[in-house]
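Before anything else, here is the set of structures, which you'll find just below.
Both complexes shown next keep chain A, but they swap its partner, so chain B is in the first and chain C is in the second.
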Partner chain A sequence: MSMIAIYRALLLAGFQQMAQYRIQSLLWMLFAIIRPVIFLAAWVAVASSQGGSVSGYTVGDFAAYYVILTFVSQLSMAWNSHEFEWEVNQGRLSAKLLRPLHPLHYAVVDNIVFKLTTLPVLGLILIAVSITFGARFATQPWHVLAFIPSVILASALLFIFGWIVASLAFWATRMNTANTLWQRAAFVFAGQIAPIGLMPVWLQALSYALPFWYMQGAPTEILRGAVTPERAGLIIAGQAAWLAVCYVGFRLIWRRGVRAYSAVGA
Partner chain B sequence: MNEAVVSVRGLEKTYKVHERETGVGATVRGFFNRKFKDVPAVGGIDFEIARGEVVGFLGPNGAGKTTTLKMLSGLLYPTGGDATVLGYTPWKRDYAFLRRIALLMGNRTQLVWDIPAADSFLVLKQIYAITDADFKVRLDGLVELLELQPLIHKPVRQLSLGERMKVEFAAGLLHGPEIVFLDEPTLGLDVSMQARIRTFVSELNRRSGATILLTSHYMDDIVALCRRVIVIHHGKLLYDGALADLAERMAPYKVVGATLRDGAAGADLSQYGEVVANDGAGRVKLRVPRAEAPARTARLVAELGDALADLSLEDPPIEDVIDRVFSGEQLGAAAEPVATR
Partner chain C sequence: MIRYVRIVRTFVTAEMQTELAYRLNFVLGILEMVLVIGTSIGAVLVLFTQTSSLNGWSLPQMIALTGVYYLVQGGVNLVFSPSFEKLMEHVRQGTLDFTLLKPANTQFLVSTRHFRLVRLVDFLFGMGVVVVGLLMLGDAVTPWSALAFLVTLACGIACVYTLLLTLVTLAFWFVRVDNILAIFWAFTDAGRFPIDLYPGWLRLTLATIVPIGIAVTVPAEAISGRMSLETFAAMLAGTAFSVTFASWFWRRGLRSYTGASA
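For the complex of A and B:
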């Protein structure tokens, strides 16, 4: 029996489940939009007060950046670490560990279902934001082509990184602080506060060295059309390298974590 | 004995537990110097289970029953010893192994809460690679045995505890496991639902030949389902053998039931044994040492003569035996950990 059949069945169940929580999903999505829109409004205000641009970024550039960043964030978001702590501490993981399917797959399906159900509404909102702020996209067709592998790698990287953090729940009872820590790091280094090009050079260097920018900022810059083909290639290579490192790390931590699992509560 | 499908040798599990002392000073010290202590849950047990057996696994809370089941189903890594189940090392969790076993626990959920069980069953069908034909036969069988028809199309969260237990059972058994580990399957259920689950487990064993290792605090479950029991206490094996022999092995006494005629209803029978019950209307229960039971009974018959209306000589109720074992009251054979099988 193929993984396709398993995924089809899980997706069907996932959509049925999601249908029970339509309003909640919509609220989560709106919650995800608020922050980038606030940053967009702030940068627009700064640009307007400085004659229409900040370090070469016009109001239209900021709008394009934050519209795409919101789109990328929605595509790449993963929230497993929050649920995983609960599953480990309550013993809910046991049922999944006893089935001939890695628990990671359930989270993949949850992600796909959430994203597919919320994207149409998100798309409409982002079109409205683009028109309101006069977003200026410099996107060429090849940018779109390069964006596809880039956003897939970004999603996989963020997902696996989230699982590494989540797996620490095998040893630590409370993982919320670790979650918060890495999300704050992502906040700074992924390009949420500002496009990385506006940051001090040392902060840019740090962002390129750490994995967070490759999770959100990198595909955003590609789809915005702000990169050359060579730079797009380098970015995608960087994403692939970080994904490989994180995957190996995840496999090691998971193997040791499952040994430490005490299956309390169930 | 048939082929052993479960083989356990010196299995051990020790949990590392964070020690938390009370008080401000201890709390502050705990920030810098966390103390852990080893808590042994299973202390080196050995047993084998043959294909098709239904074995009761008995012990008080904290005896190590559930920990053992979790090790045998692959959820927990042991800290010592070895076990094979169907030839596999459980904690390696080979998918081929997981497809052939099931661990059903009273409070664990196999099912997606928000959708009908029938939809969860379809997911499990794909995960366990169950063929269409097998799926239909098994599901029909489970629906019939557990009377699930009205339940499987309702969202799981709308089912009562007993109803949910039944659909959980079905979900856990759809893949046709050869070995089923059942941990407290009747916990929290009302008497009629307990009886129904017992009938189901018995039928499951009879129809599919599944090997079943069962823990329960309800002796009725054990008596109804298991001819063989394994008793553990403080992680050590105390008894492994026929349920029928448990009393003889673990309780060094028998119970004499005497019914006296009206005129003798107030007679003092304490010279024949320890009086454990006397209803004042002539029905008396005496506890007598097992070895002396025949002689004391004979003396009682000879001396009371016509005053005796009825007499019985029985093993103590299994609940009493177990209670005495677990409370450390037992003597003789069970004083040292033993495996009698």
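For the complex of A and C:
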């Protein structure tokens, strides 16, 4: 059976499953929107108290930034780490490992289905937020073109990184702390607190050096139209570099991990 | 009254015996809370690199507010949310019968039966952050504002408790209310900033449907001496109303409970 046929079958099953849990998927979206709106409101308050703009960012810029950040987060998000931890803990992974398909593919399909089903509603909400706050997009056509590879790289990077963290479940059966560490690192470095240009210089340097900003902040800045062509090229190169590093890392960890996996309860 | 204190003590002891088997969880819980609170305060500090006041809130006041946020969350997650999680299960499975038979107030029993003792860490750390904010505020804390803080904090936690109780009571009719609770949890995140920061529709949601905003903002206002007498009075009246309502609603719901064998 070809890979295309496999994916078609998996996608069909995925959509049918999703149709069962419509409300749940809308709720997950609520979680995705609340935090960016909170920080948007905070920055709008800061900008208003400074007479309409902070360090060159107007209220409209903040709105555009957080609307796109939400959109990018939804496009690139992956929750495998939680599901995978559960599968390892329950010993359910054993069945999947026996199948001729790498467990990664099931996760890919789940992600695609989730995104396609939630994006239309999210889009409407984001349009409403844009109008409420008067979002100002400086996007040129070429920004959109550069955004496509950037968001694909970001999703791949986040996805692989999630699997690296999840693979730790082979050794440690309680993953809460690793997940918290990851979430908080993303909170600080990915651009959720502020657009990277507004961070203190040392935090900017750290954000550029670590992989987290390349998962969310980088495509956001490109689509918002806040970068020059040279800078966009540099950002995409940085994303590709981190993706390569993470991919190699994941292969190494996975191979060792499967050997260490004892199938809890087996 | 003394009898109820004894009951709670028994519940805590029982919970402690289970949790002591997983001592590492406590250490990890502390580590996670250091990360969470540290980064939250970091976010506030980043905001304040660009301004000296956030809608009239100064940095020390915002730090105190962040502390109150974790105090309230810690308080709710320490006892009410684990107890209510179990309660929903009991309603679904019909095992609430056993609780109903016990010779004590049922609302009290279902609200305090389970403790997630790790969350005590949140409560203590939240307290610590409030103290840091107060020290930064300097001599602005008066006995009156300290008293008002404690009263409004208790009212705030009570308001969140009554909302949760009301939502969980819906389980008597709808059985599965996990989704409604998820909406509540989604909005709690907004409590990390003062409610006056939000656009009208969100402020209304936070203040009325999801009182977490009030539960955090009002005590923080009280301790930093920004609370008006009207707010204080409204807080007391609102709490009295919601406690009465939730208790009535709970008894009303209980009458619809059909039990395991029915």
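As a convention for this text, the second predicted complex is superposed on the first by the 265 of 266 C-alpha atoms of A that agree within 3 Å, B and C clash if a C-alpha of one lies under 4 Å from a C-alpha of the other, contacts with A are read in each partner's own complex, and residues count from 1 in each chain.
Here is the rule we go by: contacts are C-beta pairs under 8 Å (C-beta built on N, C-alpha and C of every residue); 3 or more make two chains touch, one makes a residue touch a chain.
Please read these numbers as outputs of a predicted model, since none were measured by experiment.
Student: Does chain B (first) or chain C (second) touch A:Arg256, or do both, or does neither?
Tutor: In the superposition, A:Arg256 contacts neither chain B nor chain C.
Student: Name the contact category of A:Gly91: first (chain B only), second (chain C only), both, or neither.
Tutor: Touch status of A:Gly91: first partner only.
Student: Would you check which partner chain A:Gln17 touches, where first means chain B only, second means chain C only, and both and neither mean what they say?
Tutor: A:Gln17 contacts chain B only, not chain C.
Student: Figure out whether A:Met199 sits in contact with chain B (first) or chain C (second), or with both, or with neither.
Tutor: So A:Met199 only meets chain C here.
Student: When both complexes are superposed, which of chain B and chain C contacts more residues belonging to chain A?
Tutor: So, of the two partners, C touches more residues of chain A.
Student: In the superposed arrangement, does A:Arg99 touch chain B (first), chain C (second), both or neither?
Tutor: Only chain B; A:Arg99 stays clear of chain C.
Student: Check whether A:Ile6 is in contact with chain B, with chain C, with both or with neither, and answer first, second, both or neither.
Tutor: After superposition on chain A, A:Ile6 lies in contact with chain B alone.
Student: Find the residues of chain A that appear in the contact set with chain B and again in the contact set with chain C.
Tutor: none
Student: Could you please specify the touching residues of chain A with respect to chain B in the complex?
Tutor: Contact set of chain A toward chain B: 1, 5-6, 8-10, 12-13, 16-17, 20-21, 91-92, 94-95, 97-101, 259, 261-263, 266.
Student: Sort out for me which residues of chain B touch chain A in the complex.
Tutor: 15, 70, 73-77, 93, 95-96, 98-99, 101-103, 105, 107-110, 112, 114-115, 119-120, 122-129, 155
Student: If you look only at chain A, which of its residues touch chain C in the complex?
Tutor: Going by the criterion above, the answer is residues 23-24, 27, 30-31, 34-35, 37-39, 41-43, 45-46, 49-50, 54-55, 132-133, 174, 176-177, 180-181, 184, 187-188, 193-194, 198-200, 203.
Student: Please give the residue numbers of chain C that touch chain A in the complex, ascending.
Tutor: Going by the criterion above, the answer is residues 25, 28, 31-32, 35-36, 38-39, 42-43, 46-47, 49-51, 53-55, 179, 182-183, 186-187, 189-190, 192-193, 197-199, 202.
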